[in-house]
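Every chain is named by a letter (A, B, C and D) in the order it is written, and numbering of its residues begins at 1.
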Amino acid sequence: MKTTRLEAFSDGVMAIIITIMVLELKAPEGVELAALKPLTPHFFGYILSFIYVGIYWNNHHHLFQAAQQVSGGILWANLHLLFWLSLFPFTTDWMGENALTPVPTAVYGFVLLMAAVAYQILEHTIIAKEGRDSLLARAVGKDWKARLSTACYFAAIPLAFLSAWISYALYFFAALLWLIPDPRIERKLENRKE
Amino acid sequence: MKTTRLEAFSDGVMAIIITIMVLELKAPEGVELAALKPLTPHFFGYILSFIYVGIYWNNHHHLFQAAQQVSGGILWANLHLLFWLSLFPFTTDWMGENALTPVPTAVYGFVLLMAAVAYQILEHTIIAKEGRDSLLARAVGKDWKARLSTACYFAAIPLAFLSAWISYALYFFAALLWLIPDPRIERKLENRKE
Amino acid sequence: MKTTRLEAFSDGVMAIIITIMVLELKAPEGVELAALKPLTPHFFGYILSFIYVGIYWNNHHHLFQAAQQVSGGILWANLHLLFWLSLFPFTTDWMGENALTPVPTAVYGFVLLMAAVAYQILEHTIIAKEGRDSLLARAVGKDWKARLSTACYFAAIPLAFLSAWISYALYFFAALLWLIPDPRIERKLENRKE
Amino acid sequence: MKTTRLEAFSDGVMAIIITIMVLELKAPEGVELAALKPLTPHFFGYILSFIYVGIYWNNHHHLFQAAQQVSGGILWANLHLLFWLSLFPFTTDWMGENALTPVPTAVYGFVLLMAAVAYQILEHTIIAKEGRDSLLARAVGKDWKARLSTACYFAAIPLAFLSAWISYALYFFAALLWLIPDPRIERKLENRKE
């Protein structure tokens, strides 16, 4: 089974997730610039979640370029990742409507954490299929980025009860980690071509 | 006519169905963890429907890998399946908002039943086109999974009036049946390659 | 310029149109079967519009199989068609909420009429590009189906003020005309292969 | 890395943006033609935004036909463009509900301006990758259309406080500029084939 249709379906789901989040940005009642002010936390939450879906799409793209074949296990590991990503609009909306409150901030982090775990399960399922000596296995190696960002989400959940600002900072920091494209897989792919 | 564009359109529709269901998960008013509690049945309904759309996408994927060509009849049998799948967000929402009530639980099962019937009509339309001796006809054979899950949905409709829990159990059981990927078609496809 | 990306974009738009219409089918307040009764006109409107989007997708599919190249004019004629199709959720919702009232029924017909006109503009734009002797020009020929269904929509607009039932009958009749796949283009395409 | 999946994802996002804007066109309460009247500004806003998303899809299509490869920078420049496009439903809705008020009109122009800037950043990122002597660099040349339309959006923001009509005129004028397909890239592509 080829990866094409799985990639197309995942692209579709991620394109919809990234776009429907804007439906929660309701047009305000007033017509002054001040009417936009209550939307500020919502708007920043939208940007953050937009970046995260962009990161997952980007990494997903890299991951399946290194993968050769799809098994039943990979299909379900992929749907499991999409499930957690599909909860982003819900947690973004709740956090956006209740800025600086601990529980919505922590729940946002919990869904980020579960998506990160789901991504790593998907990565391992693909490596298990491709083999320990495969291109992907060597490319991923010791994935310090995945570990560090997972640690950020994990820490942000209890820290939200201390101050929501700490959690926000951790979410932005973990996003920044990923904004830089992963040179490992790209380099390996280039090497293969040579 | 090739199957590519039909698959792309179906992928698009299923990607949207699986994603817009989350729009029914409205962010709660409160900011405590307890505020999420009334959403619990909704959330479980979302998981169940997510798995079902995932199953249909997965099986649809297998089905059209075995198919070679598309006729007018196949196009409409496919749209008929997509129609019943498109009602999942509606029935999921109604059942989620009214946990343990018999009618929404039964209506949820009715739409599952109709989708299962539509899938089998699609399968037969493709086999009729491909021929009784085709790869697909031999692969499907006596489809006990389809029969057993159809029987589950059929039984769950009246049993919802006895206890909604019985119906929920049947819906989860039928989903579990399909979570295991279908080795019949995969094996046949592999044999062909040899 | 190839037709692939235009087809993919159009598939995406039509997949979304056909799916978001279900968002207008709001889960009812009650939990009895009777609670679904007020949704009946909405539900029938949904079925009708679902069939129409299916018909347009089907015909669009056939049309671009016969087309070889895309020009700027074709791109905009295609977007013009998608514009009118994108109004289906709006008119379906208005007609569904106000069963048997003349104006929403007539407006529904007006959008059907404009979509039919847009489809024929697209067809002519493609023929103008492909040439009078092209496969498509010969396949379409004297398009009695398009003419008859356009006449139905045109007649249904004023007749809605006499009785909405007449208009509904015309909309269903015109849909039935198209449910039968177009053997002209299919036959020509098969001839070409020989 | 090839451009295919990036194009497919962008098509998906633009298809969703162009379609969900219609969800803001709520079916009116009344059943007379007069009930549609309050929707008029909304409807014109919808047409304008539909045309703009169509223009961006069209230009995006041309741009990536001239591009050969995708880098990490191009991926993020593309997501940045999609981000501003994704705000169109929000600004269209706000402007549509508050016709002739200065702030929503100016904010609509601001998002148009940012999308235009994002498009030009994407163009420059691709040219930087492809090289100054590439097909695209020569095709784009001195992009007077991009400059003139950007100037229109820039001017429309303060002018909205004088009269919203001036801004509307500028938005329509800038859209008209782009409705004519870009003959530069098309000509260059044709030359290449020869």
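Here is the rule we use: a contact is a pair of C-beta atoms (placed from the backbone, for glycine too) under 8 Å apart; a residue touches a chain by one contact, two chains touch by 3 or more.
On a predicted model such as this, the values are computed, not experimentally measured, just so you know.
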From chain A, the most remote chain by mean C-alpha position: C
Copies chain C and chain B - interface residue numbers shared by over half, same or different: different
Separation of chain B from chain D, taking each centre as the mean of its C-alpha atoms, in whole Å: 37
Whole-Å gap between the CA centroids of chain A and chain B: 26
Where chain D touches two or more other chains at once, by residue number: 8, 12, 15-16, 20, 23
Residue numbers on chain C that touch chain B, as the complex places them: 7-8, 11-12, 14-16, 18-20, 22-23, 25, 27-28, 31-33, 35-36, 47, 50, 54, 57-58, 61, 65, 179-181, 186, 189
Residues of chain A that touch chain B when the two form their complex: 1, 5, 8-9, 12-13, 15-17, 20, 23-24, 71-72, 75-76, 79, 82-83, 86-87, 89-90, 93-94, 97-98, 101-104, 107
